[in-house]
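Okay, got some structures for you below.
Both complexes below contain chain A, partnered by chain B and then by chain C.
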Partner chain A sequence: MLARVEGEGALELSIKDGKIEKLHLRIFEPPRLFEKLLEGRPYTDVIDIVARICGICPVAYQMSAAHAIDSIFGVNVNPWVRTMRRLMYCGEWIESHALHIHLLAAPDYFGFENVVAMAKQYPDEVRRGLLLQSLGNRLLRLLGGRSVHPVGVCVGGFYSAPSVDAVKTLLKEFKQALPMAEQLVRWTAAFNLPDDQQLFTSVALCHPHEYPMNEGRIVSSSGLDIAINEYQNYFTETHVPHSTALYSHFNGQPYLVGPLARLNLNLGKLPSGVRQLITESGIAFPSNNMFHSVIARAVEIYYAFVESIRIMEQYTLPAASCMDFSPKAGVGYGCTEAPRGILWHRYELDEKGDVVKATIIPPTSQNQARIEQDLQTSLMSFGLDHGDDELRLRCETVIRNYDPCISCATHFLKLRVDRS
Partner chain B sequence: MKPKIAVHKFASCDGCQLAFLNAGEDLLTLAGMVDIIHFTEAGPIDEETEVDIAFVEGSITTPADCNRIQRIRKNSRYLLTIGACATAGGLQALRNFANAKEWVASVYAAPEYIQSLATSTPIREHVKVDLELWGCPVSAKQVLRAVHDLLFGVTPKVELDKVCMECKRQRHVCVMVSKNIPCMGPVTRTGCGAICPQVGRGCYACFGPAENSNTGAMGVWLQGLGLMPEAIAKRFLFINSEAPEFRAAGTQWKSK
Partner chain C sequence: MYFVCNTFPETQSRPVVKPVAIIGIGSPYGADQTGWRAVEFLKQDHALQILSDNQIKFMNCDRPGLTLLDYVADSDCAILIDAIEGGDRGNVIRVEKNQLLHDSVGFSTHTLGVVEALTLGTQLNVLPQTIELIGIEVGDTSSDYLPEAGTFIQLKHVIYNLIQSYFTSR
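Presenting the complex of A and B:
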């Protein structure tokens, strides 16, 4: 029987005759059982409840839920609501990606223990990152009152509309910061990243006209193209004993979601200016180097700035910030592009609008199987004869690349190597 | 010698520790004033060294965490909880009113591998807590002020007022009086800046009960607005269901 591991991440590695015999990434996040505690709660609580699954990407949870419930009640949102949801999502991408790049990833690549140590030698780069991050948070506050678990979103739209003045003030700061977002892309593109080409399937949303955030079909690099409500026909979620995160597979195989998958599948949807910047930075996308994820994040930050500026420049007050509707029974689906990849929700509501059943499939569990696969490949190409400490550092870097929910993203890894 | 601090995580969403990670410039300033000994999400890991101030996010939901919090208490001179999870069990404490074993079994195919307690409990039920900061999430301002006070040897002040007071200070229109929207502001601790009434919605009590809050009158008021007893119970049994006042009021309405 497997020993149970609690409260920590651990990697179990058995090496035999120069080959990996077993590789298990154990993640133990104490289960918080959200799908169950949603049952019986009114639809009005759902958006505030699911936000609490993740403090770093609450808006993604709010958006997937809002779209699912809108669809059950037959709500068609007006263009203002649709656009503001997109604007809010931009805020979350900026905040979450900037946090990841500067506080988690960059110290790895530059060989620092943490961001504080890095700030001593690279004060300008770190400060630039913190500023971009804070602007993402400002955008969240504009539409939601606060950046963690914002309170502005409701089924059918927003509780209220921000004033034209408030938008104008923020717009000015976004315009000033745009060149910094551009520098960020060039900076990450110049990182000394390992060249580790791998074969993997990318999965992301795809929208006919725009880079995907709130809407689209689910597509893959292997040719899948389905409506979001067909997800469970193609993707399966299983529980493996060594982890509290569930594992997802597509046709029985691991797959990748997140910024690199999104960018690989949606390059053509980016405005020409953003594509131009990618070309100038010298990195060729689509890319099969997982380490390019950090650059993909920087590109998405830049794009989110461009998009926010476009939206804020056209901002006007709406006739209504929220649509009228009445609750109905039914089943609805929501799938949006969280910073870490597609976040899939399914709700069954009764005629009062109370939750009968909820299913939530977060990006981290979708990437879980892919992370193990990546570790296998990367460790082989890195060389298994490295010492335990070097192996651990490499593994941590590989895992962090997926930006899994931060509690498992950091210097956590207990590596147990069994060499025989 | 610089004071040593630690930030610990238990069952939570990581949202409260973002008070530090979102602090920008203030984070760098703070890092210059203290030695950060343990803060998994920011890099350093060391639960064994003694620290002057420990911040605890999250609730206790596993047998291993029951032991870990004891160890942390021993190693910390001053221990404060940040947020609803650590202070009142958090949203996940709703399992305390249900059959948690069944819940685990319906989520995991191999529940025998999931070591999870039937309850989610606040830190104070396990160890002595020197200061509790409420909120889901705590406000960054609150946390940074507490740090500042502690570093200068002052006992930090906690908010005791009700959200209603803040609303009046900010001259928001009362959503309950003007629009008949159920609002928990009269019994909820302030600290958020009354942001819900500000956007025209009722407060859902994410900052927990205020001092001397009249939960009895609150329930009757909600009933007057047309809420059924079960719905009233859910207003109390939400993000801070392990706060004694809310637990009592919620349980009472649930049984009506």
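Presenting the complex of A and C:
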């Protein structure tokens, strides 16, 4: 079952003789059972239902599902559909990353309790975050009709194509905001981030010609290179007693998905202008400092702006916004790069196109084991002799750095320290 | 008819630069639909229909979070209508802004609501000059209660007064 993790979590920490005896990130959000809910439903329902799994990254769920069902029906989308799917994904990265950087992560690095407190001293930066997020949402509305749980995506493409005028209007605003996105990279690179080098395995999609969003093979920093339909041969999900979220492992070990993993594995796929900006920022990628995730998010916002502008400049109305197809039975896979990392779907459909079985593995559950591993290392490096409040803040900062859905409650963490 | 045509005489003599935004906040479920239903009722009102698109715009939004700041961005006057948990069902109340705003909100992207959005909007000075929140008390929000016509008629007069005050003050 798919166990979602948005909502409240808690950290249970036992320290004995100056060592961590137990560290459990407890997720007690009840399972939402979307996979079971999909069984028996027609393929036409799938994309709108899975969008409801997350209010921040619904497009990722829609795209993974659309690609999986396309593959079952043998749909080969035209270049217009492929490009618009990429454009829509850019919108989601922009809105999700902008929200996380400015509203959730930045207060940690500037020493504020929340974004309201930070806005008193840094109003321009917070305004920039809201503007960037708003532009990402505008892109989602352009193709999806609305920004939360969009309704424009269907199997084989989109229900309709936006007008040339609507695209031109948005293009103008994106060009105006591009310097802000560039400024954001420099801003995050100047954060006083902890220097916390760790060993971890990065996992992401990799496409031969472009920075990955909708397509590619699954690769890792340890040399894995597989087709998406081989995922379950290498990655396992298990239950743990203290969490309703499933824990994922690769070769029995935790691994990282998300912006830092993507950037570490796909640096060469970025346009030269984006790579130049990274060089000028003074941060070297690939990076083993998990706190560089916030910079990776900023880089991806800038890239998504560059890519959106490129696509919108070439926009024309299509002959058809959706491919013709006939439902058929089969098994299909979809794996796309959600803002938080790879989102893997598998569907088995019958001859009418009704769902027989669905499997959805979201990035947050893939990162759960890695978060616990990071906390172990980070806390030892930070020092366990700090007070409970300081430990809690450091733990929160480490966890929020992954942008898991549970980080949505900014001060969610209830820390219970047993110092026996 | 005279009343209908002259409910907002101030609009005839002064050009409106930005429209008044009337925004229903809620969701498609149970008593939380109240804000949306209220806006649908107001849209049918002749006196409000006489105001042009440049003078008034109606919107419904589903738990908008910070997107609320986008919805109000193009207006100098925004009137938000939302269901309020508890109280006497059908009671229409005008909520003062300072009753809502506080600094200690725990920001959460999934639970980020009207209060948090207005708090941040105030801090960033991006809210319209006039912003009004009209609450309709619905008791238990998990119920299927929806206000009766009398509540919406009462609401309509509150809205009339707010719009007249706004146009007069400009």
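Just so it is clear, the second predicted complex is superposed on the first by the 408 of 420 C-alpha atoms of A that agree within 3 Å, B and C clash if a C-alpha of one lies under 4 Å from a C-alpha of the other, contacts with A are read in each partner's own complex, and residues count from 1 in each chain.
Everything that follows uses one rule, which is that contacts are C-beta pairs under 8 Å (C-beta built on N, C-alpha and C of every residue); 3 or more make two chains touch, one makes a residue touch a chain.
Note that the structure is a prediction, hence the values are computed from the model and not measured.
Touch criterion met: A:L37 reaches chain B, while chain C stays clear of it.
Between chain B and chain C, B touches the greater number of residues of chain A. In the superposition on chain A, contact is made by A:A119 with both chain B and chain C. In the superposition on chain A, contact is made by A:I49 with chain B only, not with chain C. Looking at the shared chain after the overlay, A:S134 reaches both chain B and chain C. In the superposition on chain A, the residues of chain A contacting both chain B and chain C are 6-7, 55-56, 99, 103, 113-116, 119, 126-127, 130, 133-134, 137, 147-148, 405, 409-412. Here chain B touches chain A in the complex through residues 9-18, 21-22, 24-25, 27-28, 31, 36, 40-45, 58, 61-65, 68, 90-92, 94-95, 98, 100, 103-104, 106-110, 113-116, 120, 136-137, 139, 192-193, 195-196, 198-201, 204, 206, 231, 234, 238-239, going by the rule given at the top. The touching residues of chain C, counted against chain A in their complex, run 62-63, 66-67, 69-70, 103-111, 119-120, 123-126. Of all residues in chain A, those touching chain B in their complex are 2, 4, 6-7, 30-37, 41-42, 45, 48-49, 52-56, 58, 95, 99, 103, 107, 113-116, 119, 126-127, 130-131, 133-134, 137, 145-149, 151-152, 154, 158-160, 238-242, 244, 246, 405-407, 409-412. Per the touch definition, chain A reaches chain C in the complex via residues 6-7, 55-56, 99, 103-104, 113-117, 119-120, 123, 126-127, 130, 133-134, 137, 147-148, 405, 408-412.
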